[in-house]
Amino acid sequence: MAWGLLLPGLGVLLFAYAMPMLWVLRMAFNRFTGGGGIEITLTLDSFADVFTDPYYLRVALTTVKLGLLVAAITVLVAYPLALFLVRTTSKWRGLLTILAIAPMLVSSVARTYGWMVVLGNQGLLSAVLTGLGLTDTPPQLANQFAGVVIALVQIFLPYAVLAMTSGFGRLDATLEQAAASLGAGRITRFLRVTLPLTLPGVLTGLLLVFVLTISAYVTPRLIGGGRVFVLASEIYDQATNQLNWPLAAALSLVLVIVFGIAVTVFGLLQRRVERWVSGR
Amino acid sequence: MAELRVAGLVKRYPGAASPAVDGVDLTVEQGEMLALLGPSGCGKTTTLRMIAGLIEPTAGTISVDGRDLTRTPVHKRGMGMVFQSFALLPHLTVAGNVAFGLDMRRLPAAEKKKRVAEILDRVRLGHLAERRIGQLSGGQQQRVALARALVVNPSVLLLDEPLSALDAQLRESLRTEIREMQQNAGITAVFVTHDQDEALSMADRVAVMDNGRVAQIGTPQEIYENPADVFVATFIGRANLFDGELTASGVVVPGLGTLPVTSDRAHGPVTALLRPQAVRLSADGLPGTVRSASYTGDQVAYQVDAAGHTFLVDTVAAGAPLTRGDAVHLAWDDTAVRVLPPRDAS
Amino acid sequence: MRTSGWVQRTVVSLVYAFLWLPILVVAVVSVDTSTFLRFPPQGFSLEPYHTVFTTPEFTTGLVSSLIIAVFTTVVTLAVAIGASLAFTRHTFRGSGTAQSFFTSPLLVPNIVLGLALLLLFAPLGLTDTYTGLVLAHVVLCLPYAIRTITVSLSTVDVAGEDAARVLGASPWTTFRRVTLPLIRPGVVAGAVLSFLVSFDEAVVSLFLSGFDITPLPVTLLDHLETQAGPEVAALSMLLIAFSLAAVLAVERALGLGRSLRA
């Protein structure tokens, strides 16, 4: 009975999810013979390409650097907002929460376009800066790494807020009041009570934004505009323009491995933090 | 309007150390109400749900009027059931809930309307027919649930702790109401409860369950006066229990001497039972000292230390109750003493 | 305490401003008269919105996206309701593993899933077809729908279903007349989220679309690389408005936080 109910779903997932994923794994070990030709074999050629060509190493490093930077900044920006949403007793709390999470469901293409307008050569930022007489030459943010970081921070902010507000469950106003009654000042209270209790949520937010960033394709392509190369854009280019499927598959595996390393590292950190917070 | 027969019913959950229901045999006569009484986890609800068809038995058979229903799916058994949480459907009105079973039986609209109105009048809820379930009180919800189960003229009515979600006062009045409706309809009923008062006051017969088995089955009076073992004796009512040795002259209890009773049990270790109501405070007899007295208006329940034992003594209140330290004498009729299997064995 | 409240309010306001800035900017540019991307706007006009609906590229993209989203939603719901019933109403060996499997596509980078689907679907002739795109989108939407529907199912009292069965309702009738009406909020939220995820999906679609079928987000993506005037802003604005309407629908049905929390 139960398996009968699961059968349609299993069918779809096996065909359009499990099989393709296994197929891409297999493809990474085939040999590219140029011009879209693929030799079915078992070789590590594509991996050799990825790990010996300094270009791909640079792309991989850029991806990881972007991931770490965006994760750190996003969590830093999301933290006060999440803390505010968990603590506030305002009657607008529901609306404020929706306002913080709703952009998550807005098309990332549309939001990236918004940042192109803001950061573009004749965009909002440049208009404001020249208007204030701060600079004569418009900043070239749009085609640069910084632009990609800013846009991705905004795009993944709602995810971080959502992960952090659900991770802040242990935060109890009475704990902070208790600390205050014991004579702890505002900074001590934050460092000794609030921060440790919110740390698990912060870690979840960091991990989530990191993995979302290293997988991001649309924003680096549109705002990075041919100057910022990441694994995702390289995978797409190899698959559709160079038709080098084995290499695209190998790069995908590298991305998945980075993903896996991140999940493992954060898992270890999370366990350590849990142990510290729960005092064991 | 039927006879329900349950034979050798077993339910074993995978991974569980012992079966939830371990060989239950029951026969419920037409129009009879049987209570399944026992502590939580004794298997009474599992038994009821197997009768309903909501749980598949591991072994055993369930039949109504000789027709084997063991493999019949729940929706084809034609039974009625009242649930502990009432299980009313919140998206339907009172009338919609009551009509649900009739819809399933594809009754013509006019006939359906008539029967719904009739049964709602009988439970005094005719004026609330178009209300939503959420707008009803607990007692009203209970009566809707009862009406919904009865309107389909079920072969057997099953009630799963039907009163436990209600407060004490409401419970009393609904006991009588449920019992009356069941008797008027002449319907065969099984109800599950952990409340001994409820079981004794409502049922024609009571099956006391323990650890997945029926410990004893009988009329309330039989169960109370002649319990089969120490478990039944203590689960139903309060009891003075004395461990002793059965000999030809009676039960020899250390400190108390010989209780001169006859029993067809084998000689050896036994437990003697003496209900608190059977013990009297009298002018002579076993000397003792009042340890405590609890006055409840019409009755006084004493604890009396005598011969190295503490006796529970229930007396009709008359005059000022005795107080702690008063000297008394205890007496009882030897015919009131029951001989049960020894405590350890049960 | 008072100064910290003031500081906190300023910081929180700034974060909200940052969060909504690009969306507001798109709204402003979408009614601009200028023909290319610039700020501040040169004048007010609704012309860009007119252009969107008269540009064949956009209208065919819109139609494709709608067709894909509708079919994706229907298939996702059917599959997700069945799976959610299995997860919440039955105990069976491997239930936990199966549940993880059904929600795991959420963890796979879309760029990798897109590539994987391209590599398998291309030799099968499934790229650039509605079948291929709908199948891919169903995989992406399933975790969301299963999440909202299982939340609903686990809050509904099972005794109501038992009562219906005892009263003579077959499993199918019980589902249709009792379970389904009671889990409607979860089903509605799952449907809206599925429709939206499918309608907004760009990356996986990019790998699977071609000459015949180009969903709207892919069209938009291509346009943004070449020219990005007010009509693109108008199109983006329409996508944004659509998403925000969906947010309200999900919030009213089940609650946004409950629906999205993984």
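Some observations on this one:
Order as written gives the chain letters A, B and C; numbering starts at 1 within each chain.
Rule of thumb we're sticking to: a contact is a pair of C-beta atoms (placed from the backbone, for glycine too) under 8 Å apart; a residue touches a chain by one contact, two chains touch by 3 or more.
The structure presented is a predicted model; accordingly, all values stated were derived computationally and were not measured.
Chain-to-chain contact here is organised linearly: an open path runs through the chains from one end to the other. Put simply, the chain nearest the middle, going by average C-alpha positions, is C. Put simply, the C-alpha centre of chain B and that of chain C have 55 angstrom between them.
The geometric centre of chain A is 61 Å away from that of chain B, both derived from CA atoms.
Centroids of chain A and chain C (each the mean of its C-alpha atoms) stand 19 Å apart. The touching residues of chain C, when paired with chain B in their complex, are 157, 159-160, 162-171, 173-174, 177-178, 181-182. Those residues of chain A that touch chain C in the shared complex are 1-3, 5-10, 12-13, 15-17, 19-21, 23-24, 27, 77-78, 80-81, 84, 97-118, 120, 122-124, 126-127, 151, 154, 157-158, 162, 165-166, 186, 211, 214-215, 217-218, 221-222, 231-232, 235-236, 239-240, 245, 248-249, 252, 255-256, 259. Interface residues of chain B, counted against chain C in their complex, comprise 52-54, 73-81, 83-91, 100-101, 104-105, 145, 148-149, 152, 158. Within the complex formed with chain A, the residues of chain C that make contact are 4, 8, 11-12, 15-16, 18-23, 25-26, 29, 37-40, 75, 78-80, 82-83, 85-86, 90-92, 95, 98, 101-102, 105, 107-121, 135-136, 138-139, 142, 193, 196, 200, 202-203, 206-207, 217, 220-221, 224-225, 228, 232-233, 236-237, 239-240, 243-244, 246-247, 251, 256-257, 260-261.
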